[in-house]
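One structure is given below, encoded as structure tokens.
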Amino acid sequence: MIAGKVFDLAQPLFAGMPHFPTHPPFARTLTKAHGEQVLVNGASSAAELITMGGHVGTHIDALSHFSCDGKLHGGVAPVQSYSDGVTTLGVDTVAPIFRRGVLFDVARLMGVDALPLDYVITPEHLEDCGVTPKAGDVALIRTGWGKFWDHSSRFITGDGGSVVRGPGPKKAGAQWLSKHGIFAAGSDTVAFEHVPSHMEVHVHLLVERGIHIIECLNLESLSEAGVKEFQFIALPLKIRGGTGSPIRPVAVVE
Amino acid sequence: MIAGKVFDLAQPLFAGMPHFPTHPPFARTLTKAHGEQVLVNGASSAAELITMGGHVGTHIDALSHFSCDGKLHGGVAPVQSYSDGVTTLGVDTVAPIFRRGVLFDVARLMGVDALPLDYVITPEHLEDCGVTPKAGDVALIRTGWGKFWDHSSRFITGDGGSVVRGPGPKKAGAQWLSKHGIFAAGSDTVAFEHVPSHMEVHVHLLVERGIHIIECLNLESLSEAGVKEFQFIALPLKIRGGTGSPIRPVAVVE
Amino acid sequence: MIAGKVFDLAQPLFAGMPHFPTHPPFARTLTKAHGEQVLVNGASSAAELITMGGHVGTHIDALSHFSCDGKLHGGVAPVQSYSDGVTTLGVDTVAPIFRRGVLFDVARLMGVDALPLDYVITPEHLEDCGVTPKAGDVALIRTGWGKFWDHSSRFITGDGGSVVRGPGPKKAGAQWLSKHGIFAAGSDTVAFEHVPSHMEVHVHLLVERGIHIIECLNLESLSEAGVKEFQFIALPLKIRGGTGSPIRPVAVVE
Amino acid sequence: MIAGKVFDLAQPLFAGMPHFPTHPPFARTLTKAHGEQVLVNGASSAAELITMGGHVGTHIDALSHFSCDGKLHGGVAPVQSYSDGVTTLGVDTVAPIFRRGVLFDVARLMGVDALPLDYVITPEHLEDCGVTPKAGDVALIRTGWGKFWDHSSRFITGDGGSVVRGPGPKKAGAQWLSKHGIFAAGSDTVAFEHVPSHMEVHVHLLVERGIHIIECLNLESLSEAGVKEFQFIALPLKIRGGTGSPIRPVAVVE
């Protein structure tokens, strides 16, 4: 049985929360409210309709999310349709995730609350964080941007213009991670990689190396507690043909 | 660290899967397909829009889902609006679930693949299953109906008419469960309780006793393995004001 | 050119408005708000995501909406899938509607603001309204329930229980209409026909006679003006495989 | 009564159809299929759930869609929220549209099937089309791109890269139109204006002049028939706080 402290790594879902502009936002309406329909015994219920993009909120990318030169990871051409999604390497094929996690707290390393807008996270930063990922690990990078979740334009663009911008690794940082054979890389930003970009980091991790990406994490409590190693647990929804899934990941420290 | 066998208790999500008629179905469309928009380096991505009810697919009910005589569990009046949902006792207040789980395999007890349409699960059935729930446990009931997931009308109505029908406990069975002080009760059916009903079981568990309900589980592999006790893990999405959330629960046997 | 007074026959669309319980409600969220993303020239935009059932709000039923004994109107078996809809007799095949309209103002005939909950509209009521439909007409029935649009439970159930209830014609009334060879029949209620029912009127009109049904109209201003004959215009969205479409119909009186 | 030929100016709605990348795509799933739930009299029905952006498919922009320096048309600051939309100058305030329409068939003028990718439509082009808009008119511009509707990447980007590109007027062309005092300007493209841009044309028309914009029209049949003047009819859905609405506009030639 799990024993120890559980850190909740998910951001809350609500209308108006940040979303990458080309991914549909989170929407919700009640389908009925308490008191609208009341049974003879006084029972009543409320329920809702939810709409969102597959890459909105704290979520994991399936390997089917990116291709390069027409090929997914492993050189496979995607089988896809608008109604069935991408049925190759879909998120429904991702097993429940129980893995060692490590935190690269780059914001703390640099002594800042949050990394600047255009800050590039380098292999040297990762080296200096004092943790070493092992094969199969989940490696999380903290920029401090998780605390901007309630301020959408700050989280998405740094609060200026209409271009998605934010700190993160470029290809060199991604290669440092991938050479350790990790299972997934995550961050507390919307794009994981330094953006704007040509999505080289997504291509490197998802397509070239078969490494999942997790975005929009909340790593604040983990950082405050000074935790660098933990058990990482996430249970992606089995969306057939999904290219991503919302998750509520946790870190467990025994 | 978790060690042991992980049983996946979630049903897959796809268009056309079963849903309670008053809860909106699962819908998905790609927002873009691979190859539609290609960057200069050959990178391309696919992503999707998803729509679903908060009580569709394998999911957990927040205590805010039901009221009786205008009150939620604890005698609290719900604060609610169509846009913000029910902000009292919402699913975003449910902590990550790591609890002991027990399986009441009633179908196996009765020696059938699946219980008949109008079968009532009694306290005696639960007594005879050979497991005793403890305070704080998650108690799961298997009817065998999980195997009908790919046959929507069979799963929802027993394949006749337009009324939701299926086996499950009535209030006596629910009271047997609740007296053990469990945290949540679940089943492999769409309504947990024997339906049609006046939702007495929902009122008893959610409103009177503050016990969550989990529906649309897939308990087949757990039954095949003869597992009766396990660690139950589920991580509900933090939907602010949500009355329910899709989950992908697992059972871990050490 | 159209000359004359235009009466707007549509109800507004908003979260929390009435909807038949098995049809998903209207939901909306902004995808971005003014000021969130601002271009260098000061330009900013707001836009939204919308979700709704095909039979929600003021809408028209395609002939594909109902079948009987497995057959649509004309004895055709429906070609259908969850992703493509019903591609036989879909709403995308309905031409822009420019037809003579007639109003059967039964509430006014009976001298009431709104017909009672379980009121049956008979052929005699229709005879007594002082208008005669011609072949190809759109025949609208006013019950007075349109004024309950801002009170969802009143509009859907008459404000009691969870069963959809309301006034309207039974089969005899529908037959009186269909014998005149009308193109469509409409009302200011959610179900057109007297409900609860076995949907005999829907089967008679849509399946047996190929007559469209229009629901959730707002006929109050037309009634106040004492208009009984008008040009009816409606322009259904061309949803491929749609079984219905939201419309904003108008009556033009020259 | 309307007499004459009706030209349908709407594109069909289907999953996979073109959409501006930051506006959510059209999605649909059946909520139930014929035969899934059958009443005792053999009656069965099919219906659907629909999701789409407010600026997807053939649609009209409300004046609330764009702001400049924080102000909508008339210098009004937008009142807005994610759940209620923009309740200032919303699409629900747009009256049913019955106006004179004129077609600027620039593709025909230039003797091409479709204007090139980066073609700028100038005041001179509009002068040469042989029609003059009057105050209150709806002025439609044909580029020939309507025929690409079934080929999403061609329609959105000209089939290269990920940037929305297409022919259209720049500010000079928009000013030529606005000086005639038109009610709305439309085109058979996704952005109306020449893109990429800083949306100067949207700002000029919607914000500075209070002129609506209509996009994604199908003007092919009108062009083939050589029609330059017509009655334009469109009936926007009354979405409270909506910044746009899908429409099915028609041109009537008497």
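We call the chains A, B, C and D, going by the order they appear; numbering starts again at 1 in every chain.
Here is the rule we use: contacts are C-beta pairs under 8 Å (C-beta built on N, C-alpha and C of every residue); 3 or more make two chains touch, one makes a residue touch a chain.
Given the structure is predicted, the values throughout are model-derived calculations rather than measurements.
A.B. asks: Just send me the rotation angle from a CA overlay of chain B on chain C, rounded to the nearest 5 degrees.
C.D. replies: About 180 degrees of rotation relates the two copies.
A.B. asks: Distance between chain A and chain D based on Cα centroids, please, to the nearest Å.
C.D. replies: Roughly 36 Å separates the two chain centres.
A.B. asks: Just how far, in Å, is the C-alpha centre of chain D from the one of chain C?
C.D. replies: Whole-Å distance between the two chain centres: 25.
A.B. asks: Can you give the whole-Å distance between the Cα centres of chain B and chain D?
C.D. replies: Measuring from centre to centre gives 44 Å for this pair.
A.B. asks: At which residue positions does chain A touch at least two other chains?
C.D. replies: 15-16, 21-22, 24-25, 28-33, 35, 39-40, 49, 51, 81-83
A.B. asks: Taking the touch definition from the header, please name the shape of the chain graph: line, ring, star, complete or other.
C.D. replies: complete
A.B. asks: Would you tell me which residues of chain C are touching chain A in their complex?
C.D. replies: 15-16, 19, 21, 24-33, 35-40, 49, 51, 82-84, 152-153, 156-157, 160-162
A.B. asks: Along chain C, where are the residues that touch chain D in the complex?
C.D. replies: 1-2, 6, 8, 10-15, 22-24, 28-35, 39-55, 57, 64-70, 72, 78, 80-83, 85-86, 92, 95-96, 98, 100, 198-200, 202-203, 231, 233-244, 246-250, 254
A.B. asks: Show me the residue ranges of chain D that touch chain A in the complex, using the header's touch definition.
C.D. replies: Going through chain D, the ones touching chain A are 15-16, 21-22, 24-25, 51, 81-83.
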